[in-house]
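Okay, handing you the structure first.
For clarity, chains are labelled A, B, C, D and E in written order, and residue numbers in each chain start from 1.
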Amino acid sequence: MDAMLVFDVALALALVGLAWAVLAAEDLFAAVVLFIVFGLMTALAWVRLAAPDVALAEAAIGAGVTGALLLATLRRIGGAESAETTPRPVLIGVGALAAAVTSGLGAAFLAAPAQGPGLEAAIAANLAASGVEHPVTAVLLNYRAYDTLMEVVVLFAAVVAVWSVAQAPEPATPLLGPLHAGFARVALPAAVVVGAYLLWAGATMPGGAFQGGAVLGAVAILALLARDYVPAPAHRAWARGAFLAGTAVFALVAAGVGFGPRMAFEYPPALAKPLILLIEAVVTLSIAATLAALFFGREPEPLGVEVEARK
Amino acid sequence: MSPDLIYGLAGLAVFGIGFFRALTLAAPLRRVLALKLCAVGASFLLIVAAYRQPPVTADAVPHALVITGIVVMVSAMAVALALIHRIAVLERERSDG
Amino acid sequence: MTEVVLLPLFILLTSLGVAPLIFALPERAAKLRTAINLTAAAAKVALVAWLSWKVSQGVIYEVQFEMLPGLAFKLQADPLAVLFIALSAVLWLITTVYAVGYLEKGPHRSRFFGFFSLCVAATVGIAMAGNLFTFLIFYELLTLATYPLVIHRGTAEALRAGRIYLIYTLCGGLALLLGTLWLYVMAGTTDFVPRGVMAEVVAETPVQAQLLFLVLIAGLGVKAALVPFHAWLPIAMVAPAPVSALLHAVAVVKAGAFGIMRVVYEVFGIDVAQGLGVTTPLLAFAAVTILYGSVRALMEDDLKKRLAFSTVSQVSYITLGVALASPIAAIGALAHLTHQGLMKITMFLAAGNLAEGLGVKKVSQLDGTGRQMPGTMLAFTLAVLAMIGLPPLAGFVSKWYLASGGLGSGQGWVIALLIGSSLLNALYFLPIVHRAWFRDADGAPAVPGRPRIGWLLTAPPIATATLVVVAGVFANAPFSPLEWTRFIVAREYLEPLP
Amino acid sequence: MADLAGIDWAVAAVLLPLIGAMACFAVPRAAATIGLAAVAVTGAAALALGLQVAAEGALTVPLGGWGAPLGIDLRADGLSVVMLVMTAGVGLLVSLSALGERDARRRRYFWPLWLLLLTGLNGVYLSGDLFNLYVMIEVISIAAIGLTVLRGNLAALKAGLEYLFASMVGAILFLLAVGLVYLNYGRLDLSGLAGIAGAGDAVLAAVLALTLVGMALKTALFPLHYWLPAAHAGATAPASALLSALVVKASLYIVLRLFQYLVAPSEVMVTLIGALGATAMLWGGIQALRAPRLKLLVAWSTVAQVGLIFVAFARAGADGTAESWKAAALIMLAHALAKAAMFLAAGRIKDEVGHDEIARLDRSPIRPTLAQFTFALAAISLIGLPPTAGFAGKWMLMEGAIAAGYWHWVVVTLVGTLLSVAVFSRVLAGFLRFDRVRGPLGEHQGWALADAPPLVLALGALGLGLIAVQVLAFLEIGAPLGGTTGVWP
Amino acid sequence: MTGIEMLSLALMALGCLFFVAGTVGMLRFPDAVSRLHALTKADGLGLVLIAAGAALAAGSAGWALRLALICGLVALAGALGAHLIARLVRTGGGR
């Protein structure tokens, strides 16, 4: 098995090297591209550490959607760079601090028991009652469903914050030409099928709401880029509904089951699987809409509205 | 020298770089990148905690936590990028306004 | 028997409850505001009268509720408290009448009267505090309520005076807070108990007890204007006349002296304090303050500042009496607490009339004012004679007891001190009287035409002057201040009275 | 366990504001009414939970029925209920004063952001799981940043970005701590960890250090406070009241919880915290003295008060922490009420007078006397003069310090009190000065219904001092007794 | 080391060779368009070879089909990417 160790060491070094390259790149665009590569490499690392779900999420959200957001912002701020650099003594001081913190963490990490105690036994024991076969989905949507609800709330909060911040309409993106339109007509429906499949597979294999949502989000972003769909002010009500659908269904189901003898978030055993699938489906749609809205970056104001400058 | 040890240390190194640069970089976009690297470094720790020698299946809880962490991180970055964009727009308005 | 247990609370509420009412009144509702003020003051006097009759029957009222674990907000109407409340209630009534006249058309009268009644509420609270913790609460409330009054005029000079006043009194407050905390940690309780609570603590750690005494006296000394901490009193004279009259002659200054009395008698206990050897330095401080105050008063040309310095020295008579640690001296001290209040308020009210009516602020401008404002100057002269210690009047009574107390406890030099300070009093007061009556106003009077101050301003000083005479002549009458002090000291010392 | 009227109030306290937030976002025109109703209903839920805890003692709700290590538990004991009721009360009054917002965009987005913030806060106070605390902190910080930048001008946006970076670094440090805990103990539930956390091993040292730095960054303890003044001063009045009074408390609460559950801090750690707190008090005071604008002064006084809370925690050394967290909690409560009142009053003064430069406050002929009176009342509580809640907190602090013989903390607190007197007397003098007024002096003007919420808050701060003993008794319900006995090396 | 494993290893080695060639091409060629040329051609072929080798190693038909699908998609994406970059270069943007 030592061949894989060589690969692991190589990948680890590549990761550290890439991390330094991302932050040391002199040009912002290069930094973002290197960051996307770093994201993909991390996904590879997750695969090596036997965490397929996380690899999918990292690739789809960590590298894909985040990369798209970064590139979009880069275009909007036009690569304006503040030239000031931090003075050398501060660099050395903070460097020493960071090194100290990291080495402290390293010591604590090495002192920790390798492959120490965990909850895998408890998960396996309760898997039958959780309504899904795949352990990660069971943890996400049943054991720690409260965490996942709050995670979707964070996403919802992000879109509320972004809509409250951004206002002024901005210059339109350049057209991507006919070839892309043809490709889009073929690829996008296929991607939608892939997204739906990912959602469905989540119950038994690595996959699930977030990964599926991310793929569908990517589809929406491509549609926005190709301006197949231009968000109009009239669509705002629909968009608001889409953003909060996931959280609303999740919260109402969680509270709903809470009435009567059972605890909140405690699905009745017979209904566990359908309920989880219902929640996952709506959450996937919600995530896709939210990620696309985050990419679009602002509430689609009626174009004519002249937003007076804040005093 | 099992994989979890290698990647654990690599993750901490990535965190160190990210933490160092997050405190020293001035450009807001680069600081966002640095913070995302710190977050990835931190999630290495969790995934390594979940790693079990191959025949045994890995512990699913940290995986769920890291997925949540990724989604939280992307939403925080989205807000940061929206702020950066809005600041750039206002500064451009102010400079030529 | 505790019939109307809440009587102390009602007395407190007559002014505390009234304050927000007055704050909310718009400026032009002058009639309504005066009505509220006067009824509240009258009600308080009535309640105090009833209380004093009850307390003389041996009833002790007490209201208590727990504020912090182990610490209670406690109001207790014992005879000592009643004396101080009676004084402040009567004088508040008179000064309110005076203030209504004085601030005829001035701005912010609602705010003034609001804080004015808050001050009196604080004074009453200080009097009735059952433990040092409650005393501290009202002590700080007094600072907060008097600050806006000192800077009522809103001028830059008033604000500067206010800032100095705030620094002094808040530092005093913090010292008292530190003392109360330390007392609570060392003695386990801050309650006022006739024979004091510090007996065993003094036995164990005398040095710490001495330090605690120093901190407590420093905290209280600021308000009692003991020498190193007296500077704020003359500066605060920039306040309007009713404020300097009621507050700086009665409420604030007496609160400090009253606090010292409580600490010496009911926290340490007089014999424990004497055993600890802290009374002699206190005696020294009081003596120095008496002399220093009189000397500075001599040099001061501004009338109100001269009166302020005289207050500094007069208040230390009380501390002197307390520190002499003999029952007779204690009677002298307590009697002086009331008599000095009456005398000093007459003088300040008269000074206010002079400033308001004739625009006379300096002693040198006082020539011939006797003829122009006979009533006021008559009251002023009576108060001056009482202050110097002319036999039948109030001043003589308290000085007499102080002197015999000093003699009794072997401190012979006290008599020399009292005689000396009386002489000094005469030196800085008699020229005022001489200028007022025996010099004719050469040249045009400072303000043309009859001085236009109405009866609202002349009646109060005359009333207080008559009280001074009454307190002096009928000293042995049943409810006179002197009689009441004998009753208190009896309870305090539990010995047969001489 | 279903209970009081069959509803599980702990879950209700978290889900109600969430549902309210979504409703406000869905119907922007009716955001204000829905928002206010949601805040009121959440307040009722918090009170019901309080009654229940008062009756039955600490309450544990195993969500999903799975139990501690696998599932997530909600835990409501004395401290969390006091924080919940405080958040609900202050939040309701701030919401009332936010009704006066005229700008359409701000009115539309204040309510969903505020209710999401409320969800996060209630989530933190009820959470019994470390990672759940992390997610809740993220909900709070994103909503808080949304509120900070709601004003929309460049200064607010820049302050918001700086605040976002600070809270992201803080959250990541906390995530690292969670990672280390899971690596070593394989479980994340606080009550479970309290038992097995071994005495004095290196991991707990790292976890404690990381969390302390992370939370210090988010609560703006001295060296890491650089982002707070600009962010809190730049926001709109209701937003800054929420930020200063409530958001700062969440990370303070987490530090308290960790010291209670994971490991009792050692003497070195406690003195370090006290020292940082002391410097924060001095630095905050000095900066507040130099602050030109009213809201900046109030923001700097938050930095000082956070320092005071840490000093309160450190007042009696390591073994005293079992008692001194109550003093810290009391000061947190007093600060929340007084600071919210002060920020709202400052906002009112700025609306009436037109600007909030302290030097020119006394020149304006318009004097909002009621708002100024509220400001003064809040100042009295922040200074800590009797009978306010601030005084009760400081009294507990100094009493514990003297009993344990740590006199230096007493001296620090007294100096801090004098400093805050100087700071606030600078503002109060401006209110009471009349000789440089331009134009005729109006009388009783500037009074409006919007003055009511701050006044109620200020009177609350005043009145709370009188019932401090009941609050302290309530704090003791179900409080874990100082976590493990293990003392970190 | 049966025959099939030998063959799949050989195929994969060949594929890697093409990838290396593509990368060298990308670094050495002067302007953007020629670099595009190197990338799409060499990497495309390299990918197919590695996929074939992997399919042999995996053995089951299902995996072979999936790998083929992946090759198809990557080729499609590569072509579109190259086209868009080329359009950008022709219209004067890009670096």
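As a convention for this text, a contact is a pair of C-beta atoms (placed from the backbone, for glycine too) under 8 Å apart; a residue touches a chain by one contact, two chains touch by 3 or more.
Keep in mind the model is a prediction, meaning the values are calculated, not measured.
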With one step meaning two chains touch, work out the least steps from chain C to chain E.
3
Just to be sure I understand: going only through chains that touch, what's the smallest number of steps from chain A to chain D?
1
Chain grouping by contact, computed as though chain A were missing:
B, C, D | E
Using only protein Cα atoms, the chain sitting most centrally is D
Does B-D or A-E have the larger number of C-beta pairs in contact?
B-D
If you average the Cα atoms of chain B and of chain C to get two centres, how far apart are those centres in Å?
69
For the pair chain A and chain B, the C-alpha centroid-to-centroid distance in angstrom is 12
What whole-number Å value describes the gap between the mean CA coordinates of chain D and chain E?
57
Quick one: chain A and chain C, Cα centre-to-centre, how many Å?
74
Chain A: positions in contact with at least two other chains:
105, 109, 112, 116, 118-119, 123, 143-144, 147, 151, 154, 157-158, 161, 165, 167, 310
Pull out every residue in chain D that's touching 2 or more other chains.
131, 135, 138, 142, 145-146, 149, 153-154, 157, 176, 180, 183, 186
Sort out which chains touch which and give me every pair.
A-B, A-D, A-E, B-D, C-D
Within their complex, chain A touches chain D through residues 104-105, 107-109, 111-113, 116-119, 122-123, 126, 142-147, 150-151, 153-154, 156-158, 160-161, 163-165, 167, 240-241, 243-244, 247-248, 251-252, 254-255, 258-267, 310-311
In the complex, chain A touches chain E at residues 29, 176-177, 179-180, 183, 186-187
Within their complex, state which residues of chain D touch chain C.
369, 373, 380, 385-387, 392, 395-396, 398-399, 402-403, 410, 414, 417-418, 421, 425, 429, 432-435, 441, 443-444, 465-466, 468-469, 472
Chain D contacts chain A in the complex at 2, 6-8, 11, 15, 18-19, 21-22, 25-26, 61-66, 69-72, 105, 108-109, 112-113, 116, 119, 123, 129, 131-132, 135-136, 138-139, 142-143, 145-146, 149-154, 157, 176, 180, 183-187, 201-203, 205-206, 209
If we count contacts the way the header does, which residues on chain D are in touch with chain B in the complex?
131, 135, 138, 141-142, 145-146, 149, 153-154, 157-158, 160-161, 164-165, 168-169, 171-172, 175-176, 178-180, 182-183, 186, 188
